[in-house]
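Shared between the two complexes below is chain A, which pairs with chain B and chain C, respectively.
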Partner chain A sequence: MTAIAEIFAPTGLALPRLRSAALPWAYLAPALLITLVWIYLPLIEAAKLSFYQWNMLPTSPQRFVGWDNYRNLLTLPDMSRAALNTVLYIVGLLPLSVLIPLAVAILTQDMTGRARGIYRSLIFVPMIVAPVVAAILWRWLLNDTHGLVNAGLEVLGFGPVGFLQDPDIALWTLVWITGWKLIGFSTLLLSAANATIAPSYIEAARMDGASRWQVIRDIRLPLLSPTILLLTMMTALFGAQWSFIYVNVLTGGGPLKSTTNVFFLMWDYGFKTLSAGWSAAAGILTFVTLAAVALLMLRLMKRLAVYDE
Partner chain B sequence: MTNRPRQLPVHAMMIVLSVLALFPVYWMIVTALKPETEIFSTALWPKAPSLENFGYVLEAIPMLRILWNTALMASATAAAQVLTGLLAAYALVRWPFPGVKLAQAVIGLSWLVPFQVTMIPNYVLATELGLRDTIAGLVIPNAAAAFAVIVFYNAMRSFPKEVIEAARMDGAGASRILWQIVAPNMRPALAALTVLAFISAWNEYFWPLLLTRHIENAVVQIGLEMFMSQEGNQWGPMMAAATLASLPILALYLVLHRQIIDSFMRSGLK
Partner chain C sequence: MAAIELAGIEKRFGESHAVRGVDLAIASGEFVVILGPSGCGKSTLLRMIAGLEAVSAGTVSLDGVPMNGVEPGRRGCAMVFQNYALYPHMTVAENIGYGLRVAGVPKREREARVRSTAAMLDIETLLDRRPAALSGGQRQRVAMGRAMIRNPRVFLFDEPLSNLDAILRQQMRGEIKRLHRELRTTSVFVTHDQVEAMGMADRLVVMNAGRVEQVGPPADVFRRPASRFVAGFIGAPRMNLIDAAVTAEGTLAVGGWRPCDGLRFRAAAGRAVHLGVRPDALAPMPPAGGGPVFTADLVEDLGTEIHVHARGEGIDLILQRHADAPPIDTSFAVAIPPRAVHLFDAETGLRIEPDAAETLRQGAPAWDARRHSSI
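So, the complex of A and B:
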């Protein structure tokens, strides 16, 4: 790496000051360069593209259209439908990524010994399963004619459910598959946070006659709030992005666009209908919303979270 | 042990969660082992397990080539992320230079930008650079990761400054201090991040989907998807392909599950 440092501050200049000022940047250069070239410059490029009409063919010209792309997105039903679906994905994910894991983490806190380690390793497995593999697994389990789940439902006397075919159900199926990968991970994260709560607090509260529920409500939940808020924020920011892959592999946004979220919409505009400007405009709207949500949640975390000091 | 009656529902709950987590993976493997005649049976174990589905996959797509491509891509990505992450974290921890806050923000906020927002410009750039259908094209955009920098930054901050100062007094240069003193002391973080980056790269889907043209140059997630769109309802071979794609990661998990869980939890969700 000294080689790079040398390029940035040639010894020929013989200015030790300059050299030492350039040194940190030399070390930062690889990471910064890649981040700039593959994340920030394309972001700026996308912002520019959102004011143009372009069909993605290198030979065809880009035509400036002002705010047209945004106007179209905001007036045509596609975007608002996708935005609503995006909210449904996030809201649907919260029980799987936060509420159930929280309940499990609190209820299993007394567990000790070997069983605990084994459960940990088992419930974490979905997290390392590739999303495409998860999609294939569930496509088979939930298959409407031969899937195991529908076979089970039939035994119980229910007709076959079109988990991926029914427009009222498909979105929730995708939410479940996305959440299936997260339950174990969230549970372990909350368990770890729960385990760091000093037993002396609990002891003291019990001595004062606090019930089990009061201990949970007044001590555990407030002390777990940083982790709860973190998981909520992650779900709000990334939940719909995680489900994007299942939309693309399993439903293609259908049936009747019922599973299309904004991330799939961008994909659809970009690489299916080849309207790069629309895709970019939808991307910028999404990015601005995400940034606002992130800012809001970070504020909220600072204000609401209780830290054990 | 304190509260015996309470342990029972706790175990019941964990068993339900474990079955929920594991059964789909188990069902994939069992279906892969079922001969065609048994494919629609709901039996939990095939009467006559066979490897015919695996044979089918190996004949239908160049699976071994694809797995090799993926191993290459995932190793290169992990190595690159560790290297760029180490260098950047070192700079951020070691020197209080003007602009340090800006550099931190630039790297730290990059995870907020969704892939789908930048994909079109990135696709255009990759095409211009001739990176389509190459392994390099899959690695280069992912050669630096914010979470790698953050994990190393946190690990390095706890490294005693006096040791670095002493080495500097002895005339060691900045890079010697990094490679001979700081890095060797960060083995747990290095190992954790390598495994994490490898698994994420192995499971990567969308960027390869944009870049791949031919199945010989595909990585395993793309190979799977291509196989699914061709033979989507050949459930046996489909599950065999998914099993082959998952085996390396599952094997890694079998050996390193504790470390893998820890490294995932350390770096958060992304």
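So, the complex of A and C:
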């Protein structure tokens, strides 16, 4: 009996320990697997592809070209135009995704009951409209001959505006449509953050003699800074990407490539001209740039954001 | 002229009636404590003085000037909040100096005043820290500093010590009193802690259900509670309240028991009353006569004193005895010294005084509870 016990004891002890060590990984496995399959494998594949020339036909060979794809991309006017436009998209989106929602959230903070419910639904509706539907809706509204917006402008005595045709305006039209869909989301996020600010801070500031504006400037804005910075970071990282669908549906990057951006360019290279190497190289460049931006912004957030305990 | 004058103050929050007609005058330099159970409207009253809450009816005047509708920052009041409400994104110096910054005081003067205020509170070394890096007691001091720096006419304290541990609370209580002695600023201090209230108040305001029950120096409130509520609320262990009735001769009857026969009350015969006796005034004695016999149910030895929870014939009593008093018998009767009797009308809850002339004629000693002074 003792002998048997001695033989089995170590295994009996080791097994639960092994199991308890493996258990967390078992729980994490689905998430890790998905991340691996959908994020890291494609990333590695794209990094590899960016050094090859390939027309995406499974039967055709992939030819190693070294840094050629990158060299070509960086000298191509297309790429610099797209990069500049990407920056314009992001800068144009910031007022719509941060400033206006911030103002709306603060101005409507005292709303209660039914009015608040109605206003919140109204401002959130664009968020749940399918992007393609929104794109088509805006195309109708902004049509230069029959569109409602131009009809209105005409009544006011302005000539028709080529919202999607004028190379100077088309990009800003797409910025507006992208931002229009974001305002609700940002406003809700900021309203929620604003509502969690302890009323006693506001009261203390009022006792200190602060005016309404001083309360906003000195108390609310600093305490909203984590949310403001988060939204700014999200806009910087994803803003141009969010506009992709509208570029694709409404302008196809035109007129005169005035509305293209790096995300559209990637797609254009990859799936229209079937140059997988170029597309991948553009993707890797974008990834590296945005990763750098993200790191910078995270550090900035750590420095600037104030967290209430 | 009163520093603070409240006239007919009412506050309604929708359906609920938080403050129901409060009149109160607070003299300049006075330290007034508003005491009451939670939900009695004491904090609301304080916030109405501050201007953080609008009054539903009545007038708040400061130094004789009606303040209804005046912004909190322009009333000359400073407030210390229960959770201190220190701005989490500002340093201690910025917190203390914020009121001056908003008022447009130049930076150099501001810094000097912040330093001198911090020196008074002994927090000069903390000026560069954020509130998150401070202990509870330190935060309390910063909150005091923020209130003091603008030299307010009135200090308002909203349960400022309730987040501190017992030792710190006692220490801060002393410091606030010392500061008040130095600055002589009119102060209103809200608390639900009777020890705090008794210890700090020049004048005590006891509130219940939106009304003021009694106003007076703490000792008076303790010795002559104006109502059954005040009697039960102030004093620990709480005052024993025994259901009784007034007899035709004006004496008290608890069933067949006639405690303190010498006392006479001018009240209708058969009137239902509550007989109140502080636990330290009850004396146990061997069972004799017609009085109820009590048995000790629970004995709490607190070191300095012993609380005996006793029961007998439907009456629950608490007796408070000195730690070195002889142990109590398992069965005993109690004697109620006439001078320790508080009587309250069962219906209105108001105090009924003994008929002094009648009582004297009966040979009972005059009412004097001053010897019984434990809280």
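Just so it is clear, the second predicted complex is superposed on the first by the 289 of 309 C-alpha atoms of A that agree within 3 Å, B and C clash if a C-alpha of one lies under 4 Å from a C-alpha of the other, contacts with A are read in each partner's own complex, and residues count from 1 in each chain.
What we mean here is this: a contact is a pair of C-beta atoms (placed from the backbone, for glycine too) under 8 Å apart; a residue touches a chain by one contact, two chains touch by 3 or more.
Remember, it's a predicted structure, so these values are computed and weren't measured experimentally.
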Chain A as common anchor, with chain B and chain C clashing or fitting: fit
Touched partner set for A:210, first chain B, second chain C, both or neither: second
Contacts of A:183 with chain B and chain C, given as first, second, both or neither: first
Contacts of A:218 with chain B and chain C, given as first, second, both or neither: second
Touching partner for A:91 - first (chain B), second (chain C), both, neither: neither
Contacts of A:198 with chain B and chain C, given as first, second, both or neither: second
Once both complexes are placed on the shared chain, angle at chain A toward chain B and chain C, C-alpha, multiple of 10 degrees: 80
Partner touching more residues of chain A, whether chain B or chain C: B
Least C-alpha distance (whole Å) that remains between chain C and chain B when both complexes are overlaid: 8
Footprint of chain C on chain A - complex, ascending: 198, 200-201, 203-211, 214, 218-219, 222-223, 225, 306-309
Residue numbers on chain A that touch chain B, as the complex places them: 1-2, 5, 21, 23-28, 30-43, 45-46, 49, 56, 58, 104, 107-108, 110-112, 115, 117, 119-134, 136-138, 140-141, 143, 146, 148, 151, 180, 183-185, 187-189, 192, 230-231, 234, 237-238, 241, 244-245, 248-249, 263, 266-267, 270-271, 276, 279-280, 283-284, 286-287, 290-291, 294
Residues on chain B engaged by chain A in the complex (per definition of touch): 1-3, 6-7, 9-11, 13-14, 17-18, 20-22, 24-25, 27-28, 31, 39-40, 42, 83-85, 87-88, 90-92, 94-95, 97-100, 103, 106-107, 110, 112-122, 124-125, 127, 140-141, 143-144, 146, 149, 173-175, 178, 199, 202-203, 205-206, 210, 220-221, 224-225, 228, 235, 238-239, 242, 245-246, 249-250, 253, 257-258, 260-261, 264-265, 268-270
Interfacial residue positions of chain C with respect to chain A in the complex: 50-52, 71-74, 77-79, 81-83, 85-89, 98-99, 102-103, 131-132, 146, 150
